[in-house]
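Consider the two complexes below, in which subunit A is the common component and subunit B and subunit C are the respective partners.
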Partner chain A sequence: MSEQYKILHPVKYYRDYLAHNIRPDGREFDKYRPIVVNLGSISTADGSAIAKVGRTTVVCGIKAELCQPKAEAANEGFLIPNVELPPLCSSKFRPGPPTEQAQVATQLVADILKNSECLDLKSLCIFPDKLAWCLFADLICLDLDGSLIDACMIALMAALKSVRLPVIDYDPALDNKQANLEHRKPLNITNIPSSTTFAKFDDKIVMDPTVDEEDLSTALITIALRKNELCFVHKPGGASVTDEQLLKCIDESQKRAIVIEGIVETALRSLQ
Partner chain B sequence: MDEVKLRCELGVLTRPDGSVLFSEGETTVVAGIYGPVESKINKTLVEKACVEAYFRPKSGLPGVKDRLNESMIRNVCEAVIAVALFPRTAVVVVVQEMQNNGQLISCALNATCLALLNSGIDMKCMYAAVTCFLDRSDSIVLIPPADEREIKGSFMFVFDSVEKTILASHTEGSFSIDQYKDALSLCREESTNIFNFFKKALTIK
Partner chain C sequence: MPIDHKRINGPEITIPYQLFDKLNTKSGKSQFKDFVKSNGVRIDGRSANDHRKIFLKTGVVSQAKGSAYIELDKTKVIVSVFNPREIPNKSEYSSKGEIYCEFKYAPFSCHKRRLHQQDPEELQYSAIMKQALESAVSRHEFPNFQVDIYALVLHNDGAALSAAITVAGVALAHAGIPMYDLITSVTLAVQGEFVLVDPNLEEERLCQVPLFKDEQNTNHGIVVLSMLATHEQVSQFYQTGNLAMDNLTSAIETLTNAAKDIVVLVKKCLVRHVIKSARNVED
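Up next is the complex of A and B:
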């Protein structure tokens, strides 16, 4: 009976739950879903991780290639994220070129990485202007149930922490590269940025929305933090929020950031 | 504190229903609005108008960064235009970047607001976008420093004209929560200047 009610009157269905200060999945407004992280899932990749936020599942695989640095940044390597939303993850997507949602998600992940400065690109350079590492980070969503950016960031940071790059001996005069595949070194990751998504519905703000809640919401806010500093506050239009609501969201995402950092560190120890 | 110089020319283009050439300091964009027009069949919404946004960079093919700008422009316009009045139609917003000195997204959003006002389409309120920068000496300024490397972070906020609540927010770089709050209040004060500029621009024409 409630299934039919949910399909016929989705807005009223959701509003009735919110009036009792609870959401359809039984959570309160400021409760987030359980997070699961697993490292080293893909043996053929240089670094990999799977992250689940509730039912949203994102796999991250990192492949390292050698390339020439750009002329305007001769002593920097590259870290290129790419978020894919295949038809598997949701009925909204069909096979074809990346949808706008996938492209926006890719740009958001790239922005958070750049703003947080978690990986110094200079450490990826082997020889200035001649040779540098280019890390391709592919994030593939297997199941889309809201909070896509949160799951992407957790999977990406866990995968980056698990990357082991071979040491390269490079002779610039002879242009000779020797890769020592036995001797591998981890990357120098200075901090773990994490993001939290909020959805606004009527005048209430809920944390960590599911995909049904995101579709019904009038605005979405994504906040990314590293340690105690904000590195990304993104509200792409939609209904307006008051200052108090926005600052409360920042507060709650600070608490969640500490939990996420702990989870990624624990998962790392299991790999070692 | 120096003020950002705003300049605009309404109705510069003949084909769009509303158009504007708008510049905020050294950042310049041209925006055009077509609406309400016929929408694509797969995008037609039964109960409201569908807002389409297109952002073209100064050079090169549009990339993922431009998709993000398009999504911001579309979401802000959807919240502000009275879409329920024009079902089964589309409002097309096109922005062409001319020059970028750091305030690109806010310049594009202000230009679209002026173009919407110029086109006469019904709106629930006006909106103003303000960008401010955090420089190396940890002070928050409205005018970007001449050297790009001096910029530690930038904040962009969009406020509505009725209650000055936050319609949109976008940041770059990392900063503390107090710096974010300071930037928010500075931008809110500056938004009054932008609304006054809009009113003057409309009455002069």
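Up next is the complex of A and C:
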């Protein structure tokens, strides 16, 4: 009965729940879904992690390759994120080039990485102007149930922390490269940025929306933090949000960021 | 790498660092002998006819009608199946439904990074998957509609295609798509007189070229066979390399026996799912 009501009158169905200060999955407005992280399961990748935020699942695999640095940044390597929303994660997507949602997600992740300065690209340079690492961070969503960016950031940071790059002996005079696959070193990740998504519906704001809530919402806000500093706020159009609401969101994100950092650190310890 | 305007591009030329590893001076034959001893015992302790341990789970993608995940030791494949939908770009009515299969390796699943677009090998494997699954699905039950099956290999450690076909069968059953029978698939790697069921990545790689030419035995290659269990019918057969006719018949026999062994696991997995959903309906 409730299933039919949900399909016929989705907005009214959701409004009825919100009127009682609860959401269809039983959470209150400021409660987030459980987070699960698993590291290092894909040995063909140089670093890998799977993150689940509720049912949203994102797997991140990092492949390292050697390249020549760009002329304008001769002592920097590359970190190339890419978010893929394959048709398997949701019936909304069809095979083909990346959809707008995927392109926006990729750009968001790239911006958060750049703003948070979690990985100094200079540390990826092996020899200025001649040889540097290029890390391809491919994020593939396996199940899309809202809060995509949150899951992507957790998977990406966990995977980056699990990367072990081989030591490369480079002779610039002979252009001779020798890789020592036994001797591997981790990356120097200075902080763990994380993001939290909020959805606005009528005049209420809910934290960590599911995909049904995201579709019904009138505005979406994504806030990325590192330690106690804001590194990215994304509110693409939608209904307006008051100052207090936005500050309250930032406050709640801060609390969640601490929890996420703890989870990633614990998962990392299991790897060692 | 060609410039992709819809993704963030890396530098034009990147080289995998594995190319600069210590030079491998061992011949292919001695490498193979490292992996398979002369008495047929393989490096992980399996005999030539042993399958790797399988982990199967249904219901891993909440947004799909049916989904399943398989692990063949390290090989990991996830498949999701969606509800029948109208066939795009079609005007005539067809009395049989279509299935659309997409097989894709994740960029980080193989030793060399793969591109996001499907390359010819993946297109070929998608066609093989479609051929295998078409015989198992009751296509007349959804005329003029198309069932989408998407397979993604998260980690390739050999036998990814047969893993994908087996798990696609489980996902189709989980989705409730009407089927004639359960489908399972096994890979065989042949090198000289060694016939290995369910090879891992290294064994697959070493069976691509003949290594025992000096012993007059040029048998080598990979054979993939998919079988419908109860009907005992082969729905798909794929072979690369050189295989003598007698070896071919014995290979098919080995494969059909190995495929039958896996059916038990598929059945168990589906029964577990049915019991779980029955319990949910009760509550």
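The rule is short, and it goes like this: the second predicted complex is superposed on the first by the 272 of 272 C-alpha atoms of A that agree within 3 Å, B and C clash if a C-alpha of one lies under 4 Å from a C-alpha of the other, contacts with A are read in each partner's own complex, and residues count from 1 in each chain.
Convention: contacts are C-beta pairs under 8 Å (C-beta built on N, C-alpha and C of every residue); 3 or more make two chains touch, one makes a residue touch a chain.
This is a predicted model, so every value here is computed, not measured.
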- Give one of first, second, both or neither to describe whether A:Pro34 is in contact with subunit B, with subunit C, with both, or with none. neither
- Message: Is A:Gly26 touching anything from subunit B or subunit C once the two structures are fitted on A? First, second, both or neither.
- Response: neither
- Message: Going by the contact rule set out at the top, does A:Gln68 touch subunit B (first), subunit C (second), both, or neither?
- Response: second
- Item | Partner chain in contact with A:Gln103 - subunit B first, subunit C second, else both or neither | both
- Task: Check the residue A:Asp243 against both partner chains and state whether it touches subunit B (first), subunit C (second), both, or neither.
- Result: first
- Task: State whether A:Ile168 touches subunit B only (first), subunit C only (second), both chains, or neither.
- Result: second
- Partner chain in contact with A:Cys231 - subunit B first, subunit C second, else both or neither: first
- Task: Please indicate which partner A:Leu88 is in contact with in the superposed arrangement: first for subunit B, second for subunit C, both, or neither.
- Result: second
- Message: Of the two partners subunit B and subunit C, which one touches more residues belonging to subunit A?
- Response: C
- Go through subunit A and flag every residue that touches subunit B in one model and subunit C in the other. 103, 106-107, 110
- The residues of subunit A that touch subunit B in their complex are 100, 103-104, 106-108, 110-111, 114-117, 218-219, 221, 226, 228-243, 246-247, 250
- Note on the structure: Counting only contacts in the complex, subunit B reaches subunit A at residues 64-65, 67-68, 70-79, 153, 158, 160, 163, 165-177, 180-181, 184
- Message: Under the stated contact criterion, what part of subunit A meets subunit C in this complex?
- Response: 41-45, 48, 55, 57, 59, 61-70, 78, 80-82, 84, 86-91, 95, 97-98, 103, 106-107, 110, 134, 136, 138, 140, 142-145, 166, 168, 177-179, 181, 211
- Query: Residues of subunit C touching subunit A in their complex?
  - Reply: 6-11, 13-18, 20-21, 60-64, 67, 74, 76, 78-80, 82-83, 102, 104, 106-111, 113, 116, 148, 150-152, 154-157
